[in-house]
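Presented sequentially are two complexes of chain A, the first with chain B as partner and the second with chain C.
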Partner chain A sequence: MKNYHSIIILFVAICNAPFAAELPDGDEIALRINARDEGEAVSRLLTMEMTDSRGKQRIRETKGFRKYYSDEKRTVIFYLAPKNIKDTAFLTYDYPEADKDDDQWLYLPAMRKVRRISASDRGDYFLGTDFTYEDIKLETRISIDDYQRKTIGESEVDGFHCLLLESVPVNDDIAAELGYSKVEQCVDDTIWMVRQSKMWDMQGRPLKTIHSKDIRQVQDIWTQHELEVSNHKTGHHTRFTFSEVRYNEGVNDRLFTQNALKRGL
Partner chain B sequence: MKTKATSLSHRFFTTITGIPKTIITLGLLIIFGTAAFIPKLTIDARSESFLPDDNPALLYRDQVEQTFGLKDPMVIAVVNKGEQGVFNPQSLQLIQWLTDEVMKMPEINRDRVVSLATEDNITGNSEGMVIEPFFETPPITQKDADKVRAAVMDFPLYQGSLVARDGSATLIVTEVYDVNAAPNVYEQLLDLIARAPTNNGESLHVAGDGAVSGYLVTYINADAARLVPISVVVITLLCLLSFRTWRGTIIPAVVIFSAVAAAVGLMASVGVPVYVITTSMPILLVGVAVADSIHVLSQYYEELANHPNDSQRDLVVRTMVLMWRPVTITTLTSMVGFLGVSISSYMPPMQAFGLFSLIGLAMAGLFSLTFVPAALVMLKPIHSPAFKSNRQGLQIDFFSKIMDTIGSWVLGNTKKVLFLSVIVSVLGVMGALKLEVNESWIENFQETEAISLADKAINATLDGSNTLDIVIETPTEGDLFKPEHLHRIDALQGFLKTLPHVNGSTSIVDYIKQMNRSLNENTTSAYVIPDDADLISQYFLLYSASGDPTDFEEEIDYDYRMALVRARMDSARYQQNKVVVEATQKYLDENFNTADIKATLSGRVNVDYEWLNSLLGTQFKSVAFALILVWLLVCISLRSVYGGTLALIPVILGTLSVYAFMGVVGITLAVGTTMTAAIALGIGIDFAIHTLDRIKLLIAEQGFEPEQALRQLYPSTGRALLFSFVAVFLGFGILGLSTVPPLAKLGMLIAFSVLISFISSMTVLPALIKHLKPEFLGYQRESRHRLPADIVNE
Partner chain C sequence: MTMQKIFRCCLFGLWQSAAVAVDFDSSITATAQWMVNTHDGDSQSLNLSLVPEFNVGFENGWQLKSSLRLRAEAINGLQIDDINRGSYSEYSKPAMLSDEVELELREFYLQGEIGDTFLTLGKQQIVWGKSDGLKVLDIVNPQSFREFILDDFDNSRIPLWTLNIEHSIADWDLQFLWIPDQTYHALPKQSATYAFTSPELVPTAPPGVQVNIEQPRRPNNVFLDSDVGFRATTFWKGWDITFNYLYQYNNLPVLRQNLSLAGGNPVITITPEYERTHVFGTTFSNAFADWVVRGEFGYFTDHYFIGKNPLQNQGVVKSPELHYVLGLDWNAPWDILISMQLIQSWVVKDADKTTRDKLDTTITGLIRRNFLYDTLTAEVLIIANTNNGDGIIRPKISYEWQDNIKTWLAADIFYGDKQGIFGQFDENDRVVVGVEVSF
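Then we have the complex of A and B:
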């Protein structure tokens, strides 16, 4: 009996050996991703292109600013086009405390008023796109506390080698909050960026695929210039295209105020 | 000419009876060959199946459903007739429980589940718009439940659509991923409501179009599985009773199988699905197909009784020479009835029903003329105990005696008979004038079925389960932000509300008003359309900060060019739909449509209106068609226009009495019932044909005196007609037992019409002949022609 056991242990060890030796574990990958420099502040032009399942599009041109105040993140987006929503502006304060609701305001130029928007759930969709607030908030980072993760193998995206990271929410409540029952990510292990994420819904059906493209360095910071999400259930998809990305220049603290929303760019 | 035809038919049947094994083998091969396709059958129980796939209204509706991402939902209705309605802690708890449970079902799209437990309230305060759930967890106290009620009742959009205006009911709306899973999901939902914790007097129902068509498949299958065996047993017993021999039972059974196999098998082979009404085809063929073989076998046993020493082959050939003409002509006339149904309708189910029944009947006719003689010739002559010869050459059994008694009464009371028939005609014409179309898909179920009760409960508490959609189209992107267009839509919704049975409507305008109100400190006076297109477009952006990308997909298209106004009606009946559809179309033409904005009707109510609208026309077209063709056929067969016209009298009486019956009982024209008249006409004419054919034979060929010929008719042909009538009557009568109301009505009405045709053929027709003394039957020429009017006046 004892012999039998040791044979199994040996067998398992042999099988696991190549992975154990070569691939970093899930938590290590996550830590490396989150250690990557994102720049304290950034400004950029962002084109949001949303397409419904019938191929009809809404295209919005925006200028966005984001800045970290230690762990608090502030974002402001000014709409430039189309005409009927020009000068509309959206401001968010994301607080690091889990129990503190984020603050959000929207300036409606036709009303000349800033309106507060009730706090969104993390799994809510962001401004009519296929990204959730959580997706937007994390940007290129990974949430450490929400998931248990493991490395499940290697793969390739757009010709780049990557590690396959599987993350499962730590409990059902978190899963329901995020709207995902599982996430599988392809992590480029030379620059430590996620190149592709696949999400499954609460019933285990394929929900979304997020694809980061055109990743190149701006001021020595690896920057994604195109983000594409497809929602497999609704047939809706979204493409974000970033341009004129500048880190840590011209991001004035006063931009992140209700007054700045009214004043516009 | 006669002798030529007789010698030709003699040669034919001599040949047939010379190669019986070949004929029988061929016959069995045909049956197995056609039956082999039956497993390929599919079922189409959708109400849309009544319109051809390329019908413009249907195509448009599909396009609209595509544009606005509409899907037939399945709903659970929670009804609480208590003082608080569903707004009490227990009922709200129950709604939460049901919502959680349906979300666990893998077949249901969790993201699209809508109930009080999932929906957000849009309100506002001094700072801005507040979008939050009506409750996170169900309230524990009545006070909190009252708050939920107040919030829901302050949100106009859900009133009548999600929650009853008086709070007595609410829905949990679900969507299945795969429509084919609908029947299964329906069963699961029934199971769910059965084990749901209802502890405050709630009643639960499952309904929805998905559920209806899903369940209808199961329902019609169960119905057919119950009725087909009954009809086979009944008809077999009838043959046994008629002939009291095994061959007299088995041979007709083979004919029946040939008809059913040909009809259903060919239908399967060309990929035509089974529709609700075509499920009745096997049952009805059993009854109709057996009639021919009953006549042939009756004649055979009569020949055998009269000529016991003749060889079997001689007996069979003689039988067939006598019978081929009436069998052919009655088969043709029955086929004509179905042809009338098939070509006068443009609805695929009716076309299929007419066409394949017709094929089945043709096969039964073919088998009666080939397989039956071939099978008989293979057997030794055995007397039927039912047909005993006596010295006079006539065989008398119980049934013959009955017919004989009837005959003597009729021929003695011809005036009474004719007077009665005039009364029936008058009533019938009055009934026909009152005929109206009325039908709704839900009436495919008996009123006691859970699904009918569910539909009733929803229509009684909420705004209604039947939707009329109005598609608004504008030429350029973003046009629907324009306040003038929105005001126009708002006015349309106001108009819809004034129509009978329309209890409410929703459109993007309702959301815009609600958003405007929430951004103006939630004041009631701000529940209006703002007069700035930019502001409206900014509202949508604002909303998207908290909503889903597909949130307004059912109300407005993605580039704000098309919108959907959905009106809810609590009735699905044609008479009510007609008023609403026609009034709305008039409004759109006169008050809505301009060069910059255009509205078009769609939705279930409009599609149903489209196909039901053609029913009344179909009804009269099919009857007229069948009547003319039958008349032509009989004229040719009897070589007399007079004879053809005379033969129509019993069936016209049959048809008119059906109309009278429908008027009295209050049956309206619907899918099943429109086909009644044409089918009944084609079948009912058989009795008159056999009657006239026999009288002619008796007078012209066998040299009977006319008076005597009429009496002779009853015990022999009368007896055969009685049995073939009973077969047909039972065939349709069994259909009358169907749990699918349209089929039951179809069966019942045809049975009734056939009954009247049979009675008229045995009473009115001989009575008329007695008075009119028509020459085509062999009566001697008289000096003066007597008209039916004279007889009645006498």
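Then we have the complex of A and C:
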């Protein structure tokens, strides 16, 4: 029996030795994710389906544009349907400097005014979805400065091998701002995209899971076509379905202005 | 050439160039509200409005947007005809289909680009300013005061026939407005539920003196009496900044008074008249962590206030007015929005001759929270005037049952001195129940 235990320990040690040595560390994974080609600009249709715990569903049709200006990212989303939210629009300027807050604006058609939104709203839920403003802003990227991260192992999602990346907010204030005490992401290390993210709330309880599906290449750029998020506390679900994705075409600079928010598409 | 002909020519020209319609969408929104006066339990209003919208997109990117509003009021309480329709131009006046039913063209405009210039031509709403609940620079379009300031501004704002040209140069967005539509604030009649009685807004006749109010003297020359406006907008070091200029007829008429004798008895004749003013303004906003700072300033070169002495200067005092708002929005913990505003108005000259104070201060406070994934919203808005000690408290809770069905329960509670702008409606406190359905 003693020999049997020794063999197991040796086997585990043999397996773990190269494993620990080969896995990239958390920061390297984060850098690789953020270095992935996202296209300088993109336009796409986005259907948002929100379903509450009783099965009541709400559907929004939107059109979104994103463009990089050097390291500064500008994103705008226009709501096309249904009637009660049509013409609402959201614009954000995301700056590369860690100490510079993003600038965000929201156009509400009932007020016919563009309103400035404080960047610390980023942990708030985005217009009735299970995504926060920060989730929407980051898209497929991850925040370098908000978290300390480490690689905790390997796993598999939808049949794809991935590295498990654990991220913890750098301090309590950031955690409170983001609404997460911990994030665990399953990162596909062949295309450097996050296939699944799990978030824990401030009390350390499971909060939500984001699942990226239908990842395929568009104009040679790996692109997620479906994002599903389940809120474990409320039973609410949100599904984002992307279509008509086009990179580096028809994304006019004037879309990323307050005037464009008012005029709509 | 009348204004109608001018717009017809412009629209026809643009229509010709627009070529083929490629996209069409339409919708209709039905809203029903029941308002009950909390003092006597009587129905203050039972109304229904239908707003169909039609949008056409053309091959060349231009769009034609239009909407109508059919509004019906039950017989008791607020009436369709509570407002003085003499303030509308012939081109913007809603049609009274009966004593209870009104039909209004709310929007009808062509929108598109010629080169780098963006044009919006037709009946539209232009909204300037950063303030909530009360207005400083949101004065391009006049407003209906049939329900005082209780109706949503989007409903009470009166759209005008306007040429709106926008062009960007470097980091500046420039807007030019030409408004040949001589429509002004629609003010309630003396018999209306929300008739003005505050001495700050209307002259008060001494006891036993008969008052005659004449029809307003309206500007009526399409070109010479048109309003023009200009706005320059930029984004500078995190600040949203605008500089505004408007040359307009003040939307409130000047109430000139003349005393005469009829059969040995004194009679005051009030002649409402519209006067021009230059308006110079600026707005700003920026976000700092959890806070948003915003503000707007407006300087009116020629404002006419009600005079204390009806025999002096026909009972009016002319003075520049400085009017501004400073606002602070705080995104507090638990997703609560707390918004505070300081609104002040200065009578620059001869304030002691007017019925109001030199400095008039109003403070507003709003607390709002969304629940259940933004389907349930609870809020309380408080507007308090510190000069008269009056104000209004407006709690509201609304719920979206479906994307297209929304209901709300609200209250409008006035308090304070009846001489005040809010206190004058102290008897009009009400509870409101509403439902909105859209397709």
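Operating definition for what follows: the second predicted complex is superposed on the first by the 222 of 265 C-alpha atoms of A that agree within 3 Å, B and C clash if a C-alpha of one lies under 4 Å from a C-alpha of the other, contacts with A are read in each partner's own complex, and residues count from 1 in each chain.
To be clear about the criterion, a contact is a pair of C-beta atoms (placed from the backbone, for glycine too) under 8 Å apart; a residue touches a chain by one contact, two chains touch by 3 or more.
Predicted model only: the values in this text are computed from it and were never measured.
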- [ ] For A:R254, select first, second, both or neither according to whether it touches chain B, chain C, the two together, or no partner.
- [x] second
Open item on the list: Touch test for A:G128: chain B only (first), chain C only (second), both, or neither?
Closed with: both
Open item on the list: According to the stated criteria, A:F90 is in contact with first (chain B), second (chain C), both, or neither; which is it?
Closed with: first
- [ ] For A:R263, decide between first (touching chain B), second (touching chain C), both and neither.
- [x] second
- [ ] Pick one for A:P24: touches chain B only (first), chain C only (second), both, or neither.
- [x] neither
TODO: For A:I59, decide between first (touching chain B), second (touching chain C), both and neither.
DONE: second
Open item on the list: One more residue to check, A:R116. First (chain B), second (chain C), both or neither?
Closed with: both
- [ ] Classify the contacts of A:M50 with the two partner chains as first (chain B alone), second (chain C alone), both, or neither.
- [x] both
- [ ] Go through the superposed model and pick first if A:L108 touches only chain B, second if only chain C, both, or neither.
- [x] first
TODO: Kindly list the residues of chain A that each of chain B and chain C touches, one partner per complex.
DONE: 50, 52, 56, 58, 82-85, 104-105, 110-111, 113, 115-118, 120, 124-125, 127-129, 234, 236
TODO: Can you check the complex and tell me which residues of chain A touch chain C?
DONE: 50, 52, 56, 58-59, 82-86, 101, 103-105, 110-113, 115-121, 124-125, 127-129, 234, 236, 254, 257-259, 263
Task: chain C to chain A touching residues, read off their complex - done: 27, 29, 111, 118, 125, 127, 129-130, 152-154, 166, 168, 173, 233, 235, 238, 240, 285-292, 294, 329, 331, 335, 372-375, 400, 402-404, 406, 438-439
- [ ] Give every residue of chain B touching chain A within the complex, in rising order.
- [x] 66-67, 69, 103, 106, 109-111, 127-132, 478, 481, 519, 532-535, 537-539, 541-542, 544-550, 553, 557-559
TODO: Note which residues of chain A are touching chain B in the complex, please.
DONE: 50, 52-54, 56-58, 79, 82-85, 88, 90, 104-106, 108-111, 113-118, 120, 124-130, 201-204, 231, 233-234, 236, 238
